[in-house]
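Per-chain numbering from 1; labels A, B, C, D, E and F assigned in written order.
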């Protein structure tokens, strides 16, 4: 069971003890996509001109979602985020939208979950706003791109397993 | 702008008026997967035998996530869920876990977002518990399978666009 | 497994389907106590005269706690409370404070958990405010006194198993 | 009024100033029980074999409850928990379940309230899942067993006032 | 004490019993302003052209704030909002921004608090985004403009006591 | 766009990076008023004698509101409050109530938003409790009085722009 750190020797779930870990800078970058019909994407792109700003709403939802991570993920430690930045890009080649989030904290634990949760909430918010015209949209390729800081150090997704980048 | 109902005539985001819509039974089924290394999947499967119950924790997180939907998705109406059921299955062919959620309410609006949010929180929780052994896991193919009730009636994802089913 | 309705045929936790249950008036009364040293109780009683109103703070916490029930208890249905009333009484014979909460809703499910959660949050709040002078306080005899409404009808705790009443 | 630190000189509730207190390791252990009929306990014990895992659900609820403490208890400082561990044991002698929670933080205030809130939410969750078969269950003997860290140092409940230990 | 319905005969706060009140359409319109320097207002107006959309962020915050009302206001009943619309207008004559919110529900209680809370959260969000350039901004003239539905019927603010309207 | 720090070079909202800022003591004092009819104020003042303690409830709501700030204000950093104190005073000259809040933290960002949010939630709570007798109450003159700590140092509202002080 040693490989699943969120469970103790008896196999019971717990919030892992990080009391003795030093507070250091932690960075995580996560990304995901929502695939949709070309028509739906066109409607979103038109909204970027100022009327019906789907991406603006999704960005705010993603940032707020990052702050709710410890509420949502049972064994996550609460942590004071020191940065959340959200990039949203429309890609005709998907067609759809790519959401990439960078999260940072200065603390004893990583911020991967915060970056991933922000991506998911951002993409769900796009789904919500476009679902009346396109119920078949799919959220896909959500994963960690990179993390820095902490004992495990720098980690980067290998290029050939990476989700599409804009 | 008529196609984006979450924005008014001036293109401003709003929570759509559903005051006049009758309360009827609404059902939504959503699904998604998390892909991982065969080793990680094996560890999860072993945990199902009683020690380190990753799927049990994810199920609870998904149900609680469904209840937080209106908190997370800015333009979602709050609604009293009358059922949430979560199926989690380990699939060697992915390899990974499929999460399928059925949500119901009796109300004036649909429960697609509740079902989708539950799927996402469930999959994120699996990511959280396994990330120490496998940072490259990917959440993918998250979408609506079916919805019933309301003015738009029955909708079902076409077979050839469907995410993998166990 | 039929006796545990919160688990399905496979033994998996779910939020039970109440879609077909009619909305009727539901009432629940719950109660609990916090036992403390006579000195601590005296300090609380003196505060009732206007300075240091421990019970006033606990009452507000209990009411707000009732509203958080579905957030806290994983398989609880969210429901719109239509009444919450909190009685707090100082009892020299404990010595300590008795907290009794009546909760009501008009809906398809009962409000026992809302009444019980309110009692617990109210008593925890008293503990918080008095803990600097008395760490050994004990919260005890928290249970349901009565429930009305719903298919199971009227239920009342038998006198000889009841927690102390003021 | 000096004995109630949560009230100022005028007797008004406030969140106490801890700005000047150093961040040190704080540990708290709290415990409580839920008493039930022998039949109910037997059903829970059977569920531990893999079907209907009442204790697994309660454990997750307790951990998440610890993270909601400052939301629930009005004058509690928000704090970043660095560990939460939950032990649940079935005791035929009660009959019932004992819940013991250890909480830790590195901060200027204690974690007693987090440990106690986790115990209460865990026990309430057991009540919720078993209430259809046993409405008369009682939550009892909830108290602090031990605390370490901070100016007040080590505190341990005296043996003869202690709630039952498994 | 009859004039303060949120307190019972003993003067204790409670959540008023609305179990017997019928569910009818309730509408409330609330409004408020934030006054600022002409420079700050100019910066906001420039952002409306697409870069730095202060009002877009404030609108989302206001809508989400409406949904948190029962969490924030202790004696408020939780209710399922059926509409929230937010108008934000820049007024050179203040100089500043006017925020007007219309909220609706179909239920036994009014939505005044939801409309007012949305106004306040929207204006606070504007303050937050502009505070680095203008700490002296003032939120002012926040009040109810109109309410409809319920036993007390239609109420409208008298013209001469009204806050400035755009 | 440099003047609006909550937006990046592309004009997109983000949570500003404070990872490199040192944790120092931050203090903020905010204030606001609610104006009402003389009758309503008289009812509140009578309640201070022990029956119907409007101000006691508002004080608790204000403190809890301070803790919800990062949930409500999208681009606010979450921070561990180390002090919240709320003063409420009845003023015949308004007539109405003045609410003043002092908030503190030891961290990399200021606590202005926490102090302001607490003021607003406190005043909204007074509105809620008195609205049945006086719908025309107005919340007004809500602003920052003073802040200390951080790179921008000490800031104090100029006397002639200040809201009324008791």
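What we mean here is this: a contact is a pair of C-beta atoms (placed from the backbone, for glycine too) under 8 Å apart; a residue touches a chain by one contact, two chains touch by 3 or more.
The structure displayed is predicted, hence computed values, not measured ones.
Of the two chain pairs examined here, C-D and B-E, the one linked by more C-beta pairs in contact is C-D. Between chain B and chain F, the centres computed from C-alpha atoms are 38 Å apart.
One inter-chain figure worth recording: chain C and chain F are separated by 31 Å, centre to centre, where each centre is the mean of the chain's CA atoms.
Counting partner chains per residue, chain D has residues 13, 50, 53, 56-57, 60-61, 64, 68, 71, 74-75, 80 touching two or more of them. Checking each pair of chains for touch leaves A-B, A-D, A-E, A-F, B-C, B-D, B-E, C-D, C-E, C-F, D-F, E-F.
Against chain F, the residues of chain D that register as touching in their complex are 8, 12-19, 70-71, 74-75, 77-80, 107-108.
Chain F makes touch with chain C in their complex at residues 49-50, 53, 56-57, 60-61, 64. Across the interface of their complex, chain C is touched by residues 1, 3-7, 10-11, 13, 32, 43, 47, 50-54, 57, 60-61, 64-65, 68, 71-76, 112-113, 116-117, 120-121, 124-125, 127-133, 135-144, 147, 155, 157-158, 161, 163 of chain D.
Taken together, the chain F residues at the contact with chain D in this complex read 25, 56, 59-60, 63-64, 66-68, 80-87, 104-106.
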